[in-house]
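Next come the structures, one after another.
Paired with chain B in one complex and with chain C in the other, chain A is shared by the two complexes that follow.
Coming up: the complex of A and B.
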């Protein structure tokens, strides 16, 4: 690992000042499960590393306020998985967080880091897109809020500007009853990166949201307002046609070692059908108890 | 010049204060600076779990952490399981059931299992498989390892 200077700010103000003084050759350290590997393999060689874990404002990492949960930059996958409210209101996010890496990785890796790292295969991107998460960004000019769909840009890239830090994710419980589910395809059980990721949500107005990743430069969100996917009795041809439109932009890399483009495209439909089916089932449960 | 940072930490119950270089992982410092070579270096990307240590009760991959991150924390490595030269129940169960074959993955397996038993003294086989899912054994001795954890859990209850 190349030498760097290590900064450990204790407040958000201090962190912003440190970033401003550090130039553009700076890396932000939260869980470190991607960054430490990148630094050791020398494809990231920062001169300054800013560790966020002593910033007082980030604790507690997960806070519910009414219908909104705020997950700070230090909220780990394990904290997401263990939170009762997340499991009840955002089950697809819990399903995505629990398959990231291993116990050891989930104890360290952060939810926001998964997004900021910018991997097209990030497990938590599809559910965060489906649930319309907001990314809270702090910088010299103050705080701004960015829709997750605008925050995610491409491989390794986000909407973050120099001098800014993503400080939290906000999720608000949908006003309409919603059923949602996450599916992924990997080569094996256990620690593996996903070849296809997909999240679906069906609401009681018949609108289905589908977000999918690992088949292009970023995860995409698509919405079916025809009611076809939400209808369990829709003809198979109609459903296939809607999926065709939803997955039209999928452009899996031919260079990836994990799966061929043809296989990924074929599996998108399989995972899409599975996730929508489970989401419909969950919507029925939600309606049953309300 | 590599920046060195003064840290104060507890390792295996002993308070320690020393200087670490900012650009070293915890695994590097445990093995090369502190002589605690029980934690193993293997995949170095967080897939194999051979470097697993427990920080503030939580198992983590020491190859994915900077050493400076343990400042102010409580760390247990595999060297911290035995007391006064006596194996703990978990280590004894591993030995009794011949769980170690080549032995290389065992420190990591023990740490993941120890962390599990600390928070769940009555695990199911599924709990054990999940808790140890981040620890690979290339000898594929998983059955004996799982059994050893179950035996240790039972012994702990009696």
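Coming up: the complex of A and C.
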């Protein structure tokens, strides 16, 4: 690891000032589960590291206000997994968060860090896309809110500009009953990076949202408004045709060591069907309760 | 679970608390005053001609104290190896595998060394290399080793290192008796050891002496090699070998100790080199293999002949790979009664990581091919896969390999127990499949183990022995032997290991030998103490020695039984002192034997597996995994189970997920843990049962046989068999990743 200077601002204002003064070789540290490894292996060599964990505004990290939950930049995967409201209203996010790394990793890794790291395989990206999460960004010009679909750009890239910090994620409970589920494909059952990530949500109007990752430069969100996927009795061919369209842009890398493009494409369909099936089941449960 | 630690009990592991709390000092934890940190200079090519090495910029990095290039080493370049002296201290003229060090930097800090390494400018010309069996055997293939270094060797102008020929009987004479002949080829991929503790080395010049710390399994072999290279008497070269954090064979032989020693002597300061996990991938691996099995059987399933060709793709330098190939080829036909056997084995050099000993010592690769072919034969003949094995199994005492140790166990008991535990005779649940396979490995063929036991005046004891405890629990079993023989609690025993200036010579810690060979040595040391105690008791009690028996902690005089420690305390008198016993266990070479020595024992294992295969994703779930070993005596049942469980899980690694992947030029693409996956606790079978057959019929103390490799010998064919049973798919390459199983399913569905 190369030497660097370490900043630990205690307020958001201070953080923005520190960032502005730090030039371009700056890295933001939250959980550090990606950054520290990158620095150890010397493929990121910042001159300044800005640690967000002492910023007062970020606590408590997870706050419910009515139908909206705000997860600050310090909200860990473990906090996401343990939150009752998230498990009730955003179960696919809890399912995705609980498979990130190991227990030790989840105690450090942050939900927002998972998105800012920009990995196409980020487990939490598909559910956040399906749930229409909003990323709250702070910078010298103030606060702005960005739809998650616009925030995610490509491998290692987000919509974040120089001098800005992603400070929170906001999720609002959908107004219509919704069933959702997360699926992933890995090489082993223990800690692993996914070769396919996929989240599906079915609402009571028959609209199915499918988000999937690890098969291209970023995770994508696609919506089926035909009602075919939401219909448990739809013919297999019709369902296959819809999935064909949904996954048309999947472009798994031929260079990846995790799985071949053919296998990944085939697994998109398998996991798609499984996730949609489970999502329909959950929708039925939600309806049964309400 | 504290007990007195007698033989047959499972006391708390000696050193176990320090190991699990992190208090244990591994080599990387040891820091010497004034030490320098070393880093290796490597290039990103599997084969290249080195044109020049410019260290000017690197030398300017503050804190850099030494940059060692081949020019700084003696001419000709010193070379070493346990079989052939073919491995240079640094690559000389040519890099022969990805990651071979071309130079090394030592600096005040690791960071400075890392920075300097990046600034060493190596000018080179990439050369075509060979990384597969086919490429290496191509008549036009570039030669991995210089033919001039192999004068008199008939294969010098090829990449074949050695050819082995074993067998008995005459296949052509019996071939007609076979109703059915099957011929199949199976491949086993490159895998690496992945010890959780990476290799680490420290060398410290000390006047006219040199101290070397290493994660080595065989400190005395390292001492011998370094003493020869550095022209030092053994007495001036001290090897410290702290308990390794896993070895699995990958730490048996010298790797970078010569380099670090030269650096330390040149710098006049201690030099340390701690490898990264990534670097261990470039230091050790298991030979990949292609094995062809031609098996002749009667229609009832009796084996008539076995004709086996084994090809081992080894690395650029031999290390111990020739021995691995020879020893495992020798038992390739397995534990069966076969009238005629022909085995041709071959080691093939390539521009890849040098291959070395790895738990199972070549046998898992061969067993995958043999047992799977046998399985295919059983299916085609319509014979139950368990029955075909049972009917060919030799009875105890049968010399199934003529001229070697006869079958040293009632092996049908092991097979029956495995069949019973998996429920072979019960219906297979829907969607599942079962498989069974047998593995056999020769134990050590030679050995020399000395030990000293000091029974102290207060009834405590010290054991000095040169075994390396790398997690297998050697300290505990030796302490149990002394606890048993001296009649003292295990807690009062201290086991001293890992320092060639303190403990007597031991040949090596490998081949599941230590409980049998060093165990015998320790037992004999105890017996020598028994003899001295007898003399003491005769003197104290005015008795005749012939009327006294000393055994298992007790002195038996006419009409009286006394604890050994009481007799010793009284006998030593007011000055105190101790009673010292020395032990020695030798297994000499047998010059006429094809392996220069018959097996001290066999490790015999039967593994039975039940799987569920996901028909959409190809994922395999091991529902039940049974392994049974013929252990003679479980000297410490919990450790036996621990070793068997561990080996079984390691076997699942190469069966289900592990593989080193190269690019077209031979560079390793999946260096490190991210893309080289090993099983975690979540990948365990839903149920894992490790059981033992104990008939007290081993050559070691109390009838023990060696254990610790048995349960990975046949994991792959047992899983393969179960997958075939569940899906009908025959897959002849490993690992059985979801993708590979899915591809096989897709191919079947298309057909």
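As a convention for this text, the second predicted complex is superposed on the first by the 290 of 290 C-alpha atoms of A that agree within 3 Å, B and C clash if a C-alpha of one lies under 4 Å from a C-alpha of the other, contacts with A are read in each partner's own complex, and residues count from 1 in each chain.
Just so we're on the same page, contacts are C-beta pairs under 8 Å (C-beta built on N, C-alpha and C of every residue); 3 or more make two chains touch, one makes a residue touch a chain.
Just so you know, these numbers come straight off a predicted model, no measurement behind them.
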item: Broader residue contact with chain A after superposition on the shared chain, chain B or chain C; value: B
item: Which superposed partner A:1 touches (first chain B, second chain C, both, neither); value: both
item: Partner chain(s) touched by A:36 [first = chain B, second = chain C, both, neither]; value: first
item: Contacts of A:53 with chain B and chain C, given as first, second, both or neither; value: first
item: Partner chain in contact with A:81 - chain B first, chain C second, else both or neither; value: neither
item: Partner chain in contact with A:101 - chain B first, chain C second, else both or neither; value: first
item: Which superposed partner A:191 touches (first chain B, second chain C, both, neither); value: both
item: Touched partner set for A:133, first chain B, second chain C, both or neither; value: neither
item: Chain C-contacting residues of chain A that also contact chain B; value: 1-3, 190-191
item: List of chain C residues in touch with chain A within their complex; value: 111, 114-115, 616-617, 656-657, 661, 669-670, 674-675, 677, 679-683, 737-739, 742-743, 746
item: Interfacial residue positions of chain A with respect to chain B in the complex; value: 1-6, 8, 29, 32-33, 36-37, 39-40, 49, 51, 53, 78, 101-105, 107-108, 190-191
item: Residues on chain A engaged by chain C in the complex (per definition of touch); value: 1-3, 42, 185, 187-193, 257-260, 263, 266-267, 270
item: Residue numbers on chain B that touch chain A, as the complex places them; value: 1-3, 5, 21-25, 44-47, 49, 52, 58-61, 63-66, 68-69, 112, 130-131, 133-135
